[in-house]
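Chain IDs A, B, C and D follow the sequence of writing; residue 1 opens each chain.
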Amino acid sequence: MVRVGILGATGYTALELIKILLRHPEARITRLTSRQEGQPHVASAHPQLVGRVDLRLDDAEPGALIEDCDFVFSCLPHGASASAVKPLVDAGVTVVDLSADYRLRDLATYEAWYGEHHADGGRLGQVPYGLPELFADRIRGASLVANPGCYPTSAILAITPLLAMGFAEPDDLIVDSKSGVSGAGRTPKLMTHYPECNESICAYNIGRHRHTPEIDQIVQLAAGHSVQVVFTPHLIPMDRGILTTVYATPRSDASEDRILAGFREFYHGKPFVRVVEHLPGTKDSAHTNFCDLTVRVARGRVIVVSCLDNLIKGASGAAVQNFNILQGFPETMALL
Amino acid sequence: MVRVGILGATGYTALELIKILLRHPEARITRLTSRQEGQPHVASAHPQLVGRVDLRLDDAEPGALIEDCDFVFSCLPHGASASAVKPLVDAGVTVVDLSADYRLRDLATYEAWYGEHHADGGRLGQVPYGLPELFADRIRGASLVANPGCYPTSAILAITPLLAMGFAEPDDLIVDSKSGVSGAGRTPKLMTHYPECNESICAYNIGRHRHTPEIDQIVQLAAGHSVQVVFTPHLIPMDRGILTTVYATPRSDASEDRILAGFREFYHGKPFVRVVEHLPGTKDSAHTNFCDLTVRVARGRVIVVSCLDNLIKGASGAAVQNFNILQGFPETMALL
Amino acid sequence: MVRVGILGATGYTALELIKILLRHPEARITRLTSRQEGQPHVASAHPQLVGRVDLRLDDAEPGALIEDCDFVFSCLPHGASASAVKPLVDAGVTVVDLSADYRLRDLATYEAWYGEHHADGGRLGQVPYGLPELFADRIRGASLVANPGCYPTSAILAITPLLAMGFAEPDDLIVDSKSGVSGAGRTPKLMTHYPECNESICAYNIGRHRHTPEIDQIVQLAAGHSVQVVFTPHLIPMDRGILTTVYATPRSDASEDRILAGFREFYHGKPFVRVVEHLPGTKDSAHTNFCDLTVRVARGRVIVVSCLDNLIKGASGAAVQNFNILQGFPETMALL
Amino acid sequence: MVRVGILGATGYTALELIKILLRHPEARITRLTSRQEGQPHVASAHPQLVGRVDLRLDDAEPGALIEDCDFVFSCLPHGASASAVKPLVDAGVTVVDLSADYRLRDLATYEAWYGEHHADGGRLGQVPYGLPELFADRIRGASLVANPGCYPTSAILAITPLLAMGFAEPDDLIVDSKSGVSGAGRTPKLMTHYPECNESICAYNIGRHRHTPEIDQIVQLAAGHSVQVVFTPHLIPMDRGILTTVYATPRSDASEDRILAGFREFYHGKPFVRVVEHLPGTKDSAHTNFCDLTVRVARGRVIVVSCLDNLIKGASGAAVQNFNILQGFPETMALL
């Protein structure tokens, strides 16, 4: 039984992570941390957990975590996460970091997009990007895994086969993403105040969203050279789910049927990617670890639609998938 | 043309008030106040108003308001409102106060339920309760009107004919109300953070909601003696609208048809109350100043259902209805 | 491994049932029936199930079901369900019927409220009501169980301790329920067309809803004599969840604390009822088999609030709970 | 006072049209048609209209309409609309057709995309496209105006200045649109059944949506040659509103500031287009006749975001705008 700690346990990704781990036959949660005062019971932050888990939220010192945990998930915000993760990894605890802190391989890119010093910048470049469909081999055996962002997962799973299998040009990629509101986190703000974002759609952070370099970085591995995707996120009035619509220029012989067949081949044996013929809705994969993909060719463009649950396949489900790979458990354990 | 000022112009009721007044042929908005720094344009707080009104939000002194306004609506929170309203009324400006500060006639009740000192307590008891369907005669000629709360309007319009026409017992009233989220105001809080209240219903403040004594106070006028209603508000995942379900014990000869006929008679000539036979939904009156009412008798109970838009008939529409009465304009001006 | 068939597999309760059973270590789905032509794959009706289950929807004859299934869940509508269930039970297949057909013990009451002939009326009165928190002993060993309605579950779990423990009078019960839209089923109708019911609340079927006699029937067991509850259902713009607010007249010495303590005692050892101190929201129990309950006493009334997921604890979760009891598995298997 | 008839009065666009016309000082509704039997009162189809208008829905013969109406709006579906509109226009009644029947100038294109014979094909090519921001001169004096589709309005207002002012290449246009559910009409279907489309996003009709040739047709006027836009509509869980994100390749010297300034110049004097600097949400223009536009340049692409209310600026508001132009009233009458 792996003893598991979760840092930053009051947010939405932590809640989903706890719920998945409660169904995991090989994991036992031993520590939940938060900066909240008075060590409240976790169910006071998450009433869904009443009767499910009997742990308090404490502001644990690294020493206590190292003592009580074999494995730690960090759900802390970027910046704070690297500071908390570094001593754990140094002490031999295996960590999946759900923040953005270890995703970018280049320190300067991190500092440019995140606007702050990195507390553990020396590790960048050595940490595998935790998208198991592409990097399971690198994840296996790692001591620290950078869990991907929700938008990047939806974009990268849609784009990579296009480029890796030569179906599309790499230099002309448009990523139009639509996300439910839980992606914005649990801290109340005007933008996510119910009467503001309900019954409304908006685009935000066009050209400036921090997931942009993360998408670039992985996409260019398939492209073979540096690329710059155009990424436009939109906020949609629903709790969870991301639908990403990717537009690319197909190479001459890439028909819809051939690309769909290529996608099926590319994701053969990947249990959490479903290549479908119909146009999927985000509800089809809500509350699951699946990413649904389909392809259309129309008017000289190839259009890939991908759907996933931003809190599960886009965060905590992927984190447990990484946990399973790291610990040698079946990849789907607790995730179906 | 009446020169109108609005205090506390950044919230939802102020926004609706501005939109109604922009359609009002006899009103011109001259002042919008707020504590925001830098005197931003009102459209920076309310993007709906881009191109509609060219005014800045300023932290106006009473003197400036007295100079520039014939009429003031206060959309300030309770407590702050009385402090701001007092000097205006003293100086002869007519005011409709949308806060709770002047609704209760008894100072001790105010202090008990609102837990604070009243800045203008001496006026309590002299200010008409601005529900025109019941108190138009007292409103006419007043210098200050207390605009009713949203829940109380929905409850009082449902209950008063029951009691005034002798259809039901006054001592056994249950008011189960369901409200959209805009009723909670525009300040971001965890309870009204989108992913918290979306796809969820909860009851809140059972037995402790501050609208309770306001309902009691008006209902007992029809009852002829002191009453204590049981009032349970619920938060519903939608922007606007209140549906109130009232349960009462009918007197022996009160059939559904007789009560419905009585309601029609009671509200005859009241342009904003619609007594209907079908069960209304809140969408029927959304974005309007109507209150829809119907009645059922089942299993020894009379059940009244009332629907209204909490921001219009429950706040800003009623305020303009009061404005029209106070200024001698047709009651429906700008409201249909 | 129990071989399980599901009748009427295209609706929402069947979908939830399939998803739960796919996690059940002791159940294997062998048959899914539907009247749809052409035996489509179940995933064509439920895209959530792509890659999860490889079965076609067929219009199976009883003989085929008897041959292939040890256990059958019927998700058929009332009327159709009794016709389909009768030959299965006669042949020794154990059945949990999720329709209303076997819930009422009295044939005349069934015919009066459902307005049709009962295809298996002789069995009424012998079939246990499948609410395990109250009737586990009768469920154990039965060959047919009547799974409760969603509203009745939320009302009965709230009311029964009040009466059984003498906290409240039985003759004055008001049940004000609020339900998400999935409770209305999957057949498109104007009332549940998105732009009609979104952003709106309405009451419906006041005094006429068919769950009324079902609530009466169980509540009067605790009351010790015939009762008639006043039941008002409301439609709420959300997918799933029921919040029921029960109003009763407390007996003289019943304080809030005493009643809460009584509820805790009453439900001690019942794994799916959580008696909480805070006011629960339906989101706390969404996608779970929990029913959350709390109690308030205010102004001479005791108010019980209950929350559950209408598709899980109000339907398919309870059905699997019954399955577990009937098969001798742990009650919580596949349900946590 | 213009006597106005509305054909097909039971849908959402007709409801919005009636509500706008009830505020119009120069219009009086004299006829509302529908195929519903028994000539029900219009409020039985639209409970919002109780007490607002006293007309029955009748299946009026052309003769009756010609007799009673100076002006007719057709809210009939395509196909049915041309059949009903033809005799009215032939008889000299001025008509705004909200269906797609007269939008395309080329009969073969109509038949290819709509798959049916056109009942009045001879008129195609002579009917002005009723987008007043571009074609007010042609609308003025017409006897029949083709009211634009909702998606095309949002796309065309975003694209036309880009091309007309030389800011972008015309051969590379991607139109990614997100619409609320009311755009799908009022007939219940599974796709728009509340529990299906709530809490979900999907793309639909990629490359096949009938608004595609309508966008092409107007965009190529600005391009100066034939163009084929890539148009991807998405269904969003909200009642009303369209946000369209347009991607184009900018010409070399087109900076964000220059394009924004160009847009302001292009729409100078157009009362219903608001060029803003912030990223608009659909809520900003909901329930209004405004279209909000802004521009971003990022990573070698120009991105235009447009927002409007699909039922108002995308349908009935635009229809009244055309009515005002046709009748010589101020363009904004009843629309602010």
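The rule is simple: a contact is a pair of C-beta atoms (placed from the backbone, for glycine too) under 8 Å apart; a residue touches a chain by one contact, two chains touch by 3 or more.
No experiment lies behind these values; they were computed from the predicted model shown.
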Just grab the chain with the largest centre-to-centre distance to chain D, centres being mean Cα coordinates.
C
More than half of B-D's contact pairs recur, by residue number, in one of A-D, A-C or A-B. Which one?
A-C
Centroid of chain B to centroid of chain C, CA atoms only: how many Å?
39
Approximate Å spacing (C-alpha centroids) for the pair chain A, chain C:
36
Can you check how far apart chain C and chain D are, centre to centre, with Cα atoms defining each centre and the answer in Å?
46
Of all residues in chain D, the ones touching two or more other chains:
180, 196-199, 237-240, 280-281, 283-284
With touch defined as at the start, can you tell me which chain A residues reach chain D in the complex?
174, 176, 178, 180, 196-204, 206-208, 228-230, 232, 234, 236-241, 243, 245, 247, 279-284, 286, 296-301, 303, 305, 307
Looking at the complex, which residues from chain D come into contact with chain B?
22-23, 47-48, 50-52, 199, 274, 276, 278, 280-281, 283-285, 287-288, 290, 292, 336
In their complex, what parts of chain D are in touch with chain C?
12, 180-182, 186-190, 192-199, 237-240
